[in-house]
Structures are given as C-alpha cells and as structure tokens.
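Two complexes follow with chain A in common, the first pairing it with chain B and the second with chain C.
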Partner chain A sequence: MDFFIDRLPLYLSGAGTTLVITLLGAALAFVLAMVVGMLGTLRNRAARAVATGYTETFRGVAALVLMYWMAFAIPQLTPYEIDPVFAAVLALGLNVGAYGAEVVRAAINAVPRAQIEATIALNMSWWRRTRSVVLPQAWAQMLPTFGNLVIELMKATAIVSLIGVADLTRVAQEQRAATGETIAAFTGALVVYFVIAQLLIVGMRLLERRANRRLGRLPASDTGLWALLRPPPATAIGGGRR
Partner chain B sequence: MTWDWEFTGKIIPDLLDGLVVTVQATLLGYVLALVLGLAVALARRVPVLGTAVFAVMEFIRCTPLLVQLVFVFYLAPSYVSAFTVGVAVLGVHYAAYTAEVYRSGIEGVPPGQWEACRALSLPPHRTWGAVVLPQAIRRVIPALGNYLIAMFKDTPLLFAITVGELMYQASRIGGVYFRYLEAMTLVGLFFLLVSVPSAVLIRRLERRYAAV
Partner chain C sequence: MPQYETPLGAGPGAGGPLIRFDGVVKRFGDNTVLDHLDFTVAPGERVTLIGPSGSGKTTILRLLMTLEQVTDGVIWVGGEPLSHMPKGGRLVRANERHQRRVRRQIGMVFQQFNLFPNMTVRQNITEGPVHSLGVPRGEADRRAAELLEMVDLADKIDAHPTQLSGGQQQRVAIARALAMRPRILLLDEVTSALDPELVTGVLDVLRTVAETTDITMLLVTHEMQFARDVSHRVLMFDQGRIVEEGPPEQIFGDPREERTRAFLHAVLD
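Up next, the complex of A and B:
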C-alpha cells in the first residue's frame, strides 16, 4: 500500500492526462457523430455518400494505426509536426466519431414515421422538426450506446503512452521500470482506469435518465444511486462496439 | 519527402509477413474468446460463482487492453512467447464481451422452450445442448462476427509487447529506413481492405440470422 501512497501524485497526474484526452476525444467524436450521422439521414445522395465514406474509412482503420500515421507519416508528407496529444485526440475522435455516426443515424431513423408526418402536417420547418421532435427522441435512444463508446474511447487512450505522452499507462510503465514492482505498478493503473470508467458510466446514466424523464418515460424502479451502477437491461443484441 | 514507389515495393513482403501473424493472432484469440465467453456466460448463472465471475469480467471490460497486455507480458515466465501472451490476453479480454453476447442470446430464448424441456423431463445437457444453445447462438452470430472485426482491429496493440505483427513490421521498417509514410499508409490500407468487406459480410449475416 505504501507504494501507492508515495506515488499517488504521479498516478493522479497520469489520470488527469488520460481524462483530458478522453474528454477532448469524446467532444470531437460527438460533434463528428452528430454532423455525419445527420448527413446520413438526408435524402441527398452526395451527403449520404460523404457520410458512408467517412464511417467506413475511420471505422475500418484502428485508432492506433491512425495515430501513428498522424504522428510519423504526416511530418514526412508535410513540413508540419503534430503534437502527440493532438494526434491522439484526432485519431480517437475520428475513429469513435465513425462509430457514433452510425448510432446517430440509426437512432434518427428509428423515430416513428408518424412523428415526422405530424410535423409535416403542422408545417414545421426542417430545423424546427429536427430540434424539437426528432432529436429529443433520438437522443434518448443514442445515449446508452454513446455510454459504451465513451468507455471504449477512455480505454483506447492508453495507446498515447506508445508515442510518449505521460498518461496513466506511461506512469505505470515508468514506475515498473524504476522499482521493478510489476504487480503493484500495473494494478494501481488498472484500478484508476476502473474508477474512471465507473465515473463515466454514472455520468452517462444520469444523462440517460434526464433524457428519458424529459420524454416522460422514466421507469419507476430506475431510481437511487444503486440503479446508476447496475448494468442496463439487455435489450439490443451486441450493443457494444463493432 | 514524397511517396516512393520503389521503396513501397521493397517493404511489401515484410508487411505481408506481419499480416500473416496478425491474422493468426486474431483467429486464435477469437477461438479462445468464443469458447471462454460461452463458459463465462454459463458460469454466470451459478449463484455465488456467477457474481465473482461477473465482477472479474466487468473489471477486464473497464480497463485498457494495452495495459493488460503489458502487465501479463511482464508477469509471464520467460519461456512463454510474446505471441502466446498476446493471444491469451486478447482472447480473455474479448471473452468478457462475447459472454455478454451469449447471455443476451440465452435470455432471448422464449420461456416456452424451457417449459417444454421440463415437460419432456430432458436432462440438463440435452436442454442446453439440443434446445437452448442452438437457438441462442444462432441469434447472436452477427454480434459475434462484429467482435471478430473488432479484435482484428485491436491486434496492432500486440506490437507493444514485441509480437511481429503488421504494426510491428511497419514501425520497424520506419525505424530502420527512417521513412514511416509508406509503411504506415500501407498498414492503414491493409486494415481497410480487410474490414470494409467484412463489414459488408456482417450486414449480410445480420439479415440472414438476426431477423428470426
């Protein structure tokens, strides 16, 4: 236990870097997912082709490969160097954004047809319809999968340690090299990762609850702190990543 | 510096060697994940053992694969090769995911099927082997297929523990010739070449099986 108490500041600073990269990556992924996902639901062929091209490309290439490409190939192709943290955020954001775009597209398409027909009957504009009818319903549908994606993104940030960013994984590696205490060094990092994941899960559940309450769909049993930590009921088959 | 075609031709054989290792690691790890995942899904139905197994799997699922790989790599005795460690960790990590897939499949089997087994007083191995699992697994084939693709895309992480797969070869080439552009781009293309057709295949599987 002394091992951790002595090194707590190091692990916490590593965890801070991990969290910053997670949040920046998630922000980029979210914006990309929303924009590209909505492009994918339009009737315009060109818009849909752009959306498919983006999702297939960035879903197909692993984030690690993308990150190495940005960190090592781009300086060779152009006179610019990309900061490792920025390369990681970009790679993770583009990669997870591609998964998210599919989620957004599916959620928007799952809004019942009658809802759209009603907005047409009420002569709403496209923007008004999307903002006040389609998105609130699609949002509640997307959030559970977004929760999984955020966890995947957080776990994927460990790859930045390979290009020299001092994140949690890097701290664990350095402490192992310095002390030779493999088990203690890595268990510490794993536990911190687990705690971060639980915090993210609770945060996403709170968002989910709020979205469902706004739609008047909160189930009576779904209250209290304990419910936030419980796994959600198994509904969709393979709700994880692809 | 721009793209050099001659250099590209020179490095392709090395990269293909790496691709072979990548595919081997993926397939072996996947078999492990399929078998272990089913075992975990079944173990989770046993009262006390199930809770313990669930906790362990939840921990594995919430922590990065890269850290698990490096951790086990350092702990493993020296006669265990990096490749074996890579396959084992990959398989166990993904078993945590496939177990959930199997579970959702098992829970999706209609209660009437269970009741029929009881009415016919089938022994447990027949109930599971002849009635429940065939129906459960059929429903989850597309979801399991997705994890094959996901695993393939996670194998580059094995290069962190010096397994000679695609990414390892590319970064080795980059280090030797100090040219990363060609090798890294080819790695990206290889991945696209495998994952885009397989995504199409999964979509076809989904249409065939999931709509039961």
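Up next, the complex of A and C:
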C-alpha cells in the first residue's frame, strides 16, 4: 500500500494521459460512427459503398499494428512524423469508429417504419426527419453499445505504452523495473483502470437514462446519480412500442 | 419500373375533381392489389371506402400519401400529377421533390396513431408546420393550442404521448394532421386500434371536422354508422376493383350487388 501511495502522483499522471487518449479517440470514433453509419442507411449506392469500405477495412485491422504503421511507416513514406499520442488516437478512433458505424446503422434501421411514414405525412425533408425523429429515437438504442465500445477503447489505449507514451501501463512497467515490486506495480494499474472504467460507465448510464426519459420511457423526474441504483426500464432496448 | 407515358393535358383541369385515379395498378410481387382503378373525388367530398380486408382500400390511401408508389397508371391531385411529373411533354415518374410539393395538400391519420415518442404533444403538432411549411413558431404554438382545444385535450399540451390513452393519442394525431391545413385528409381505420369505450371520442372529433370544414376526406373504416353519417359517397371494393358505389343511404339501405350485401351482412351482424 505504501508503495502505491508514494507513487500516486505518477500513477495519476499516467491515468490522465490514458483518459486524454480515451476521450480524443472516443470523440473521433463517435464522429466517424455517426457519419459513416448514416451513409450506410442511404439509398445512394456510392454512399453505401464508402460506408462498407470504411467499416470492413478498419474492423479488420489491429489497432496496435495500425498505430505502429502510423508511427513508424509514415515517417519512411513521407517527410512527416506523427506524434505518438496522435497516432494512437487515430488508430483507436478509426478502429472503434468502424464498430460504432455498424451500431449507428443498425439503430437507425430499427426505427419503426410507421415513424418514417408519419414524417412523410407531415411532408418533412430527409434532413428534418433524420434530425427530429430518426436520430433522437435511434440514440437511445445506440447508447448501451456505445458504452461497451468506450470501455473497450479505454482499455485498448494501453498500446501507446509500446511507442513510448507515459500512460498508466507505462508508469506501472517503469515502476516495476525500477523497484522490482511486480505485484504492487501492476495491481495499482489494475485498480486505476477499473476506477476509470467505472467513471465512464456512470457517465454513459446517465446519458442512457436521459435518452429514455426523452422517449417517455422513464418519468421526467427520474434524474440524478441516485436514479442509477434503480433498475433500467424493461423497454429500454427494442423500441419500447406496443 | 415501367414508365407510364401519357400526353400532357390529359389530366383534369382546375375546375375538375380534386383527386383522380387514372388506370391505377398496384402490385406487390405477384399479388395485384389494385387492378386498373379509375375514380374521382370532388373538392369537399367525403368518401368512405369499404370492403373486405385485402381489397385495396388502405393501399389507395397509402398511394395518395406517397407511402407506396403506383405500378402503373397516374394519380392526379388538384389537376397535377402526384405519382408522375411532366417532363418534355410527357409524364415520367415523379421525383421526391415533385412529390413533396404536391403532397403538401394531403394529410393522414394512421390506425396506430404514429405519434413521435421523443416529442411532447405540442412538438408533435408544431413540428410539421414549423419545419415543412415555415410557419413562425409563435403562430404554430397558438394553432396547436386551438386544435387541442377542439379535440378536448388542451390540458395535455406538455404531456408525452406515452402518458396518453389510445383515444387521446389518436385525437392528438388528428390535431397534428389538421395543423398542416390539408385540403385532403386521409383516415386509415383510425378507430380500429382503440378500446371500444374510446372510439366515440375520436369519432365525435371527426364529426366536428366534417361539419365545420370543407376538407376533402377519404375514410377507410369499419364504423358503418359513422360512415353513413359523414360521407357523401361510399365505394365498395373487392379484389382491387370497385364493386358498387353510391350515396350511403343506398349502399347501406339498398345495396344492388350481391357482394356488397354479403359484406355488409358480415360486418353488421
């Protein structure tokens, strides 16, 4: 315990780096997932081809190898060098974005046809339908899976330790090498990863509850952190329609 | 998709019928739902479509709302083609833009209400007028309040659809359709999904609309008494064709066709 308390500032700074890469990677993955996922629902063949091309390419590529490629191959192919943190954010964002795009596409396609017909009867444009009806309803469907993806992404950020970024894993390795305290060094890292994951889970579940409140599946007053202790609504997944 | 080619000018003029089906065919795969259907509806007329399920009544409404596209033939609305558009002196299949412009005059109420669960009652009613018609927000809000007053739900303006009964949801859906100020209102079995005790409230609202406006209505319904009260004309369908048509007193009181008699016998007993 003393070992860990003494090195807490080191572990916290490593955790900070891990968190920054997680958030930047998640932001990139989110934007890619939304754009590519929506392209995949269009009738236009070219749009769908772009979506499929992106998803199949980056779903099938290991984020670690992609990061190595950007960090080591790009400087040889071009006159540019990529900052290691940036390379990791790109690799993770592209990789997780490909999974996210499938989630977005499926959630949009799961919005009941009857809802689309109502927007046609109100003569809405494609964009208005998407913005006012389709995305707000698909959003509640996406969030649980997005939660899993964010946590996967956070744990995958450990790959940056292999290209010299001082993240949480790197800090643990260095402390072990310096002191030989293998058990304490890695247990400390495990605990900090676990705490970060819990923070992300709480954040995602608050977003989920808000989305369900907006669809009238939870009472409007059911807000705040304590609400998380109550069980989720039975209709939260699967559209909630009779 | 076969292109239906007709010289321009074959459509009804401004003084003619508001709706005209011209040799309309609708097939789903091998199943012919509408078989060379011709009929017209005059401005302000209220027409009830009756017939056994699968006879094509609902398909007629869905074609008018452009939820389905014709296999062959042309649908005209207000003297303009809806299913097609003029191009180089011929009629070609309408694109989305053309259909949006022509269907602006048409509103629809669905069997399952189809309210948007992510919006309050007010937003459900104002979303179309504000974003499709460009009505200023304040005006749309005032109109929503008036319409809710009419359907007797003024106190539910900030409620979510999930907090309403089926009958209340359907009354909101009627208000939502009327907020678009349609010339034509399509009513697709609007009471079929309701518990029996909620049907009256919805029909009363529709009676009010029929009595106080000159909106042209096409109704598919199993409420024969209601059909008799509000419609000017009844069309009896079977297997994608009109078997018989006439004023409600005649169709319900003295049907000429055996098929009509058998159908009415089956639904009224």
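The rule is simple: the second predicted complex is superposed on the first by the 218 of 242 C-alpha atoms of A that agree within 3 Å, B and C clash if a C-alpha of one lies under 4 Å from a C-alpha of the other, contacts with A are read in each partner's own complex, and residues count from 1 in each chain.
As a convention for this text, a contact is a pair of C-beta atoms (placed from the backbone, for glycine too) under 8 Å apart; a residue touches a chain by one contact, two chains touch by 3 or more.
Treat the numbers as computed from the prediction; the structure is a model and nothing was measured.
S.K.: Who does A:Gly60 touch here: chain B (first), chain C (second), both, or neither?
M.R.: First partner only.
S.K.: Based on the superposed arrangement, let me know which partner A:Asn123 touches: chain B (first), chain C (second), both, or neither?
M.R.: After superposing on A, A:Asn123 lies in contact with chain C but is clear of chain B.
S.K.: Touching A:Thr169, do we find chain B (first), chain C (second), both, or neither?
M.R.: Touch status of A:Thr169: first partner only.
S.K.: Tell me the contact category for A:Val133 with respect to chain B and chain C: first, second, both or neither.
M.R.: The answer is second: A:Val133 touches chain C but not chain B.
S.K.: In the superposed arrangement, which partner chain does A:Tyr193 touch: chain B (first), chain C (second), both, or neither?
M.R.: After superposition on chain A, A:Tyr193 lies in contact with chain B alone.
S.K.: Looking at A:Lys155, would you say it contacts chain B, chain C, both, or neither? Reply first, second, both or neither.
M.R.: The first partner, chain B, only.
S.K.: A:Arg214 contacts which: chain B (first), chain C (second), both, neither?
M.R.: Touch partner of A:Arg214: chain C, not chain B.
S.K.: Which partner, once the models are overlaid, touches more of chain A's residues, chain C or chain B?
M.R.: In the superposed model, B touches more residues of chain A.
S.K.: Touch check for A:Thr145: first (chain B), second (chain C), both, or neither?
M.R.: neither
S.K.: With both complexes superposed on chain A, which partner does A:Trp69 reach: first (chain B), second (chain C), both or neither?
M.R.: It touches chain B, and chain C stays clear.
S.K.: Jot down the residues of chain A that show up as touching in both complexes, chain B in one and chain C in the other.
M.R.: 240-241
S.K.: Under the touch definition given earlier, write down the residues of chain B that touch chain A in their complex.
M.R.: Chain B reaches chain A through residues 1-2, 59, 61-68, 70-71, 74-75, 97, 100-101, 103-105, 107-108, 139-140, 142-144, 146-147, 149-150, 153-154, 156-157, 160, 167, 170-171, 174, 179-181, 184-185, 187-188, 191-192, 195-196, 199, 202, 210.
S.K.: Spell out the residues on chain C that touch chain A in their complex, using ranges where they run on.
M.R.: Listed in rising order, the residues of chain C that touch chain A are 65-67, 100, 103-104, 106-108, 110, 112, 114-119, 127-128, 131-133, 160-163, 176-177, 180.
S.K.: What residues of chain A sit close enough to touch chain C in their complex?
M.R.: Chain A reaches chain C through residues 114-115, 117-118, 120-125, 128, 132-133, 136-137, 214-217, 220, 240-241.
S.K.: Could you pull out which chain A residues touch chain B in their complex?
M.R.: Interface residues on the chain A side: 56-57, 59-62, 64-66, 68-69, 72-73, 76-77, 151, 155-159, 161-162, 169, 172-173, 176, 182-183, 186, 189-190, 193-194, 197-198, 234, 237-238, 240-242.
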